[in-house]
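All remarks here apply to the structure that follows.
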Amino acid sequence: MHDVVTGEKVFDASAGRAVPPQPGLRKPVILGNKTYRDVTSDICSQLDQKASLSWWAAFLVSLTVLAVGALSVGYQVLTGVGVWGLNNTVGWAFDITNFVFWIGIGHAGTLISAILFLFRQKWRTSVNRSAEAMTIFAVICAGIFPIIHTGRPWLAFWLLPYPNFRGPLWVNFRSPLVWDMFAISCYFTISAVFWFVGLIPDFATLRDRTAPGIRKRIYAFLSLGWNGSNRTWHRYEKVYLLLAGLATPLVISVHTIVSWDFATSVIPGWHTTILPPYFVAGAVFSGFAMVLTLMLIVRRVMRLEEYITPHHIEQMCTIILATGGMVALAYATELFVAYYSGNPYERFAFVNRALGPYAWTYWIMISCNVLVPQFFWFKRVRANVAAVFALSIFINIGMWFERYVIIMTSLTRDYIPAGWSGFTPTLVDLGTLVGSFGLFFTLFLLFARFLPMVAIGEVKGVLRYGRSVNGGA
Amino acid sequence: MSRRILVNVFGSEEDIVGAAARAREGGYTILDAYTPFAVHGLDVAMGIRPTRLAYVCLAFGLTGAIAKLGFQIWTSAWDWPVNVGGKPLVSIPAFVPVTFEVMVLFAGVGTVLAFLLRSRLFPGAAPKATYFRATDDQFVLVLEERDASFDVRNVEALFRPFKLLHLEEQIVRE
Amino acid sequence: MTEEYGHINVASLPGMGRRSFLRLAGFSFAGAVLAGCQQGGVEKAIPHLVQPEESTPGSAVWYSTICAGCQAGCGILAKVRDGRPIKLEGNPGHPLSQGGMCAIGQASLLGLYDSLRLKAPLMKGAPSSWQELDRHVMAELDRIRRGKGAVRFLTGTVTSPATRAVIQRFLGSFADARHVEYDPMSCAAILDAHRLTHGARVLPRYHFAEASVITAFDADFLGNWISPVEFTKGYRAGRTPAGNPARFSFHAHFESRVSLTGSNADQRVCVSPDELQLCLEGMAAIIAERAGRTLGLSVRLPANLDNSVRRLADRLWNARGRGLVVCGVNTVRHQVLVNALNAMLDNYGGTVDIDTPSHQYAGNDAGVEDLLNELRRGSVEALFVSGANPVYDLPEGQALGEWMKKTPFVVSFSGEDDETAACARYVCPTPHFLEAWNDSEPVSGIVALAQPTIRSLRDSRQMIESLSVWSGDNAPALDLIRREWERTIRERHATSQTMDAFWNRTLADGYAVVRSASAPHHACDYDAVATVVTERGPTSVSIPPATGGVTASPGGPPPGFAGGRYTLLLHPSLTILDGRHGHNPWLHELPDPVTKIVWDNAASLSRKTAEALGVRHGDLIRIEANQKFLELPVHIQPGQHDAVVVVTLGYGRKGTDRFRDIGPEWLQSRPTVGSGETVGKNAALFGLIEAGCRTNRIDAARLIPTGGTHVLVTTQEYHSLREPNLFGGETGHRRPIVQETTLAAFANDPSAGSFHKEELDSLWPDDHKYAGHHWGMTIDLTACTGCSACVMACQAENNIPVVGKDEVRRNRELAWIRVDRYYDEARGEFSVSHQPMMCQHCGNAPCETVCPVLATVHSAEGLNQQIYNRCVGTRYCANNCPYKMRRFNWFEYRHGDEMQRMVLNPDVTVRERGVMEKCSFCIQRIQGAKIRAKREGRPLNDGDAQPACAQSCPARAIIFGDVNDPSSEISKTLSSPRHYRVLEELGVRPSVGYLTLVRNREEQAGEADHA
Amino acid sequence: MGWLNSKILTVILGIAVLLTFSVFVTSFTFNIKLPGNHQGYEPVQPVQYSHRLHAGELGIPCLHCHTAAERGGSAGIPAAAVCMNCHTIVTAPWVNVRAEDERASKEKRQPRRIISPELAKVYAAMGLNADFKPDSPKPTTSIEWVRVHSLPAYVRFNHSAHVSAGVECQTCHGAVETMERVRQVSDLSMGWCVNCHREANRSGINGRKVAASTDCIVCHH
């Protein structure tokens, strides 16, 4: 269990200078020569203090944006789906684009907490808690869309197979939307459970250092009586491993199922077998971009520079570069297969994406998802926080457009030319999209305020990685 | 019934792992250890048997998968057979995704529930033994004083190579 | 007694009480209204006190009557359910329409429930009562009789013998009285030409079925010219690729615009109006040469058309007696040449029948011109206007309105407060034709009776009843008609039935065939033709250059003919005709069968002309002609001649801003029509009455782009089966959605053009068998003319709401069947194909697989079912429909006002917002037929169950039936080598198939592109 | 100890399963009425017409008055004129008429016509005069019966199809001939319809094989 040192120099935030590589030593995950006590107080004191002005500012902005979204959704539910720009030909556009986008975002959290855990990547401990929180909030954002996109959202519960007085009449288990419903609810449940299991020891830590009062009682309630018993820790480790082992195929299955919404259809541009791997890679790609966006803000605002170090940023940039490459490969493969299939409808669908009336969306997608990640080949870019932040935002935009391109442009030009149409978003479409970001950031800010942002117990476990036994980095 | 226990407090993970190994070699009964994080090797040092939660996980997963597959077949082909898109009533490939999801759901939730029950963790439970810095920065090893031959001084000597911060005898009632 | 073709036994009629609406409506109407809120409230069920004999609650009764959507006088059946007429269908036995019914006729039902119909008589604009009005009118009439003032009675064409007699009798009591008939869609020149050439002012009856070579000069006989349903029936009968040799007429069409008929032609010759005249004269000269006649003409053909005219003349000559030349240009000079052609070709007595002529158009434009002059001079004492709206549809309408206001005594008989009624001193509300007794003789020898299907919803009185009251006769309409029939019709009937028996038989059948009583005529007088040709001068048109098009220089002044001047062509709308249906929302939302425009009229320009003027679709353009101008949005019409600008008549009706509220209102919705504006603009003001005939051709029109734009909405956004070549080439791949061939290729290989692609292997076993019925449909693209009657039939049958212009603009129209119209302009040719497209009821339906809640599943009879109440509205099914034939309720669409909701079919659920809907193959009709068969203890026969579209189709292009029944008509089409299914390579196994479109052309066309 | 925990686990899981089951079982057995279920609805009618008397005691067949059920989709409520087939002669319960006769013979006078108050409402609604002839100046009013059995707007039910298939009226409407006032006996839920159709397909109606479709669109269109 030795981390391989890459031989690259590391930026020491506390010293404010670059340190040359020290061959033979593991690269420290946490900087600043922290003791266990320091870790506890660094993380927990955030929750004891009054919220900062910047937190309040961010929270109010998010809340306002959320209100815009709530108004949009309320108006839409009361008036009808017609307040979106959809039509007979284009039955889905912003709604399902947002859904796939947010689900994709969510996948990075599971990836960090589960897959990197299975791969024994120690650096994950600093970011896994917030990444998992991001997953849950992203899935909440995503989960709203399948419900509100229906014409009669108040009947959305009909998607559940429950006993009834209609015969009984069940659901159609052949429909990818039912698969979706199961996949998302299962994914949400497992992610939430995973997250909560990770939080239990930290609640105990909080409980034990908080003075008696309502907060202590809440922490006590949530810590389930955790006392740090090693017998429990022993089982806990096993459970964590099992959950990681379950979540890994789950996350792949969820985005595979989401891609099947399209892949199992007959519409040219949707009906393609490449979609599952393409979607999973895209999800990781977009998810990491969102994790980066969030973490760069969080480490600054919550003063977590010593926990989320340039090493972390570097690692995530590398993953983005890798998954960006996969996405680019998928785009190329898609074009090639469309050409090589000899299917004229398929061929036209792809030519139309690149050259048709909505070509601009395609080229935004290509620029943001294929060209932008190439900057991460450069060490200087990866080390520049501002540049990484900007690039991560471009990737977020690009990945939203990827889904928009797939969903919308394919529908506008399908089989029967007389049915061809277009799509123009309405104000309500835009309000709902923006509002989903408001919801996401509102939830995330609340999380930052009331729960430990970093997994205390896990960080303590890797605290001494990259240090000599006597301490000192 | 009451028991006498000896509480040994250490400051680092190496110390408690070493001490635990030494105590077990010395024939002492280790009741438990309390640590701020999962200390690797401590379970081996304490001699804890491997947990069987993996089997629970398997059992739950299989139950979920079989139940869900059965339910899908029953609803689609037996209870009310409906021709949907010309597909067969039992369309096994189409039933796979939901079966898989429910399998994971059952396995995941079942395992965690089993873990919580087994470890007697539930909302609002009071911790059985609280060494409050054990959730912060201290590592606590608890030995049972089973008979009169138990001598604290022997233990102290035994733990001399390790940085013992604190040692205390307690009587707990059960 | 239910669902039968019932008729009313007059003897047992206690007044009109049995069809008294309110009492009849009682039972189920209260139920329908309350059904929506039945969850909480108490539902009242109010039965009749005395059950009407022929009515069973919840069942329909059919009455035969006459359609008054236009003057063609098709026989129809009105479906009356719980006292309300809810659907009109063609009377299968009627000799003219033979069960077909056009879109306009079907939609005219909605006019019955128009809430803006006049509620009471008006005197000087104020509501009054009949007694009051009668007193005033009778006093005035006495004064006029004494003063021997001039009395003029202006009507549309009167096809009713009784009405004509009543008017004559009424006018007989005045010293100076004249009955003037006119038609806004005038055919006066044909009648006038026949007076010159044949000595009788008659409109021939054309037999398209008998014709093997049809040559039409701008006559839209499949669209709205004279008797479109009858002509479509005939045209279809003469064109079937089956049989050896196939009886398949050749149809050549000369026109400048793109008419519905032109879009169906085997050879469409795009000519300027001048060239059209040259072609007609040239052809007459060629034929005259062959026939050895002299018409005073010499052959002067434009070089580019010389060949085609000569070849066509050959064809016509070879098909003497079986040819047919028709012309829609309302000029005597054109029409005498047509008469000469038909005479020289021996077509009279064969395809052109003036022995039993048509009475459908009898208007006399010269008479109208005289009347207008009299009114201008103020020499008319009393004017009656009935069944016409001259203030709106005459070129001098505006001025006429002023003259009418100055005329001492003006009575308007009208159902609504229209433009003409607004200028009349007395307005007498007339009932809707479904509320009235009537008779007609549309074609000499075919007489028909119309009976009321509902008691008048308004305080109205038929015109003939009013005249009867004012003559002191006080006879109800029924008596007036019966009297006339006793006097003149009965004696012409062959059998010796009693009057009662004859009357009841006719009432039940809806029509009777009697001896013709037409004016005598003589053979064609070629000297008269020569006189007209020379008298009205040798042709004044110059022969244009061989290219015949605009040579545009970018950036230069807008070119055109004669210095930036274009020829303005006006033509009546295919949906609202001359404007008489301008208040009918169903028709406004019915896409024009060619342009697919809804809720507007436009200035159609060819692509070249539009480019030269620098305008695009929807740009406003100012048309100046005759010292008048109009601003209209531009519509770019492929296939149109560069020298013309084409404007549809019938729009801009007063009061059409009532439609501003139609459709949903929300944050970004736009009204269908602006407040105070009208739907479209009235282009009738450009018209002229020249040489005694009304012309719709106006020369030297200037077109000036204004820079403004208008939201001009079409239901189809892409118009070709060829993919756009996005790499910049000429044309892309042609999709084999419409599979077509030529008659020549078909003769060699009956499966020519039908392009079958192998279905891929399925992963799934084929384990769903249809044991009982298995419904299927076949659409014969050769028969389909694109007329859109099916669209309207579906709208009326299936409670499809009108969604308004903005929703159509957003591509949210709700029609369950659309007629896709494709232009093919490859290789410099222009051809059009029409393809009705509805839910294909796929055996392996992609929509069903994806529905999460089982709201769309397959029935045991092969139907793709859509269950509205189960639908949660994910729209996944619509996305996954390769045919894009699923329709979503984006909002709670209103079904008109409370009156208009009476037209709803109680057998079809009114869909709420958020649910998907689509064609159900009219399951309610299938169920009805099955239940009827079960009740009568017999098996279901082929043809018992017919969806509304198939029933209404005038061309019988839609065949529906049970494919499990080997003897059914549908089963026979399945084995036709022409049969194909759209997108069959997807493996979705549609239940709807198509028969290839066969065009009577020699060359092989469109074949190579299919691969 | 591990053993003990497993037992707790078993017990808790068992309780959970039982609870779920019992919720379903109670909702089905005790027939929890969901919104839209009007089973047991028994409204007061404007005229206290007794089906027990007419259909039960007097044995008049249902289709005698509800003729439309045989011919059309809707069974309808008979027109008041149908009542007059008998009630121009029968104007009051027999006992009341008899009592009047006896009183009259006792008082040595012509017996007066006895009209039951409920029938009087019908006569009044029809505007009949003393000879049961329409009296034109008298206004006629509709009798506003309260509808008992009603289906949602999206359900099509055709009476004649069921009557011609041999389904007894009582199958759906219950023993109306025993009811003084008509009550909705069945819940008229979709499951109730579908299960009857399934049963009919399995065992026929009165021994006759029938094809009762379970296609959705047969009722929902």
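A, B, C and D are the chain letters, set down in written order, and residue numbers restart from 1 in every chain.
FYI, contacts are C-beta pairs under 8 Å (C-beta built on N, C-alpha and C of every residue); 3 or more make two chains touch, one makes a residue touch a chain.
Keep in mind that what you see is a predicted model, and the values were worked out from it rather than measured.
Asker: With contacts counted as defined, which of the two, C-D or B-C, has more C-beta pairs across the interface?
Answerer: Ranking C-D and B-C by C-beta contacts puts C-D first.
Asker: Chain with the smallest distance from its CA centroid to the overall CA centroid?
Answerer: Ranked by how close its C-alpha centre lies to the overall one, first comes C.
Asker: For chain C and chain D, what's the span in angstrom between their mean Cα positions?
Answerer: One centre to the other, that is 48 Å.
Asker: Can you check how far apart chain B and chain C are, centre to centre, with Cα atoms defining each centre and the answer in Å?
Answerer: 81
Asker: Suppose each chain is reduced to the average of its Cα coordinates; what separation in Å results between chain A and chain D?
Answerer: 59
Asker: Just the number, please: Cα centre separation of chain A and chain B in whole Å.
Answerer: Distance between chain centres: 29 Å.
Asker: Enumerate the residues of chain D that touch no fewer than two other chains.
Answerer: Where chain D meets two or more other chains at a single residue, that happens at 194.
Asker: For chain A, which residues are shared contacts with two or more other chains?
Answerer: Those would be 167-172, 174, 176, 178.
Asker: Taking each residue of chain C in turn, which ones touch at least two of the other chains?
Answerer: Answer for chain C, listing residues that touch two or more other chains: 846, 848-849, 851, 854, 857, 859-860, 870.
Asker: Contact residues on chain D for chain C in the complex?
Answerer: Those residues of chain D that touch chain C are 35-36, 43, 68, 71-74, 76-82, 125-126, 140, 142-147, 150, 152-154, 156, 158-161, 164-165, 211, 213, 215-218, 220-221.
Asker: Name, in rising order, each residue of chain A that touches chain D in their complex.
Answerer: 163-169
Asker: Taking the complex as given, what residues does chain B use to touch chain C?
Answerer: 82-89, 91, 93
Asker: Where on chain B does chain A make contact in their complex?
Answerer: Its residues touching chain A are 32-40, 42-43, 46, 48, 51, 53-54, 57, 71-72, 75-76, 79-80, 84-85, 87, 91, 94-95, 97-98, 100-102, 104-105, 107-109, 111-112, 115-116, 118-137, 140.
Asker: Given the complex with chain A, which residues does chain D contribute to the contact?
Answerer: My answer: residues 24, 27-28, 34, 37, 187, 189-192, 194-195.
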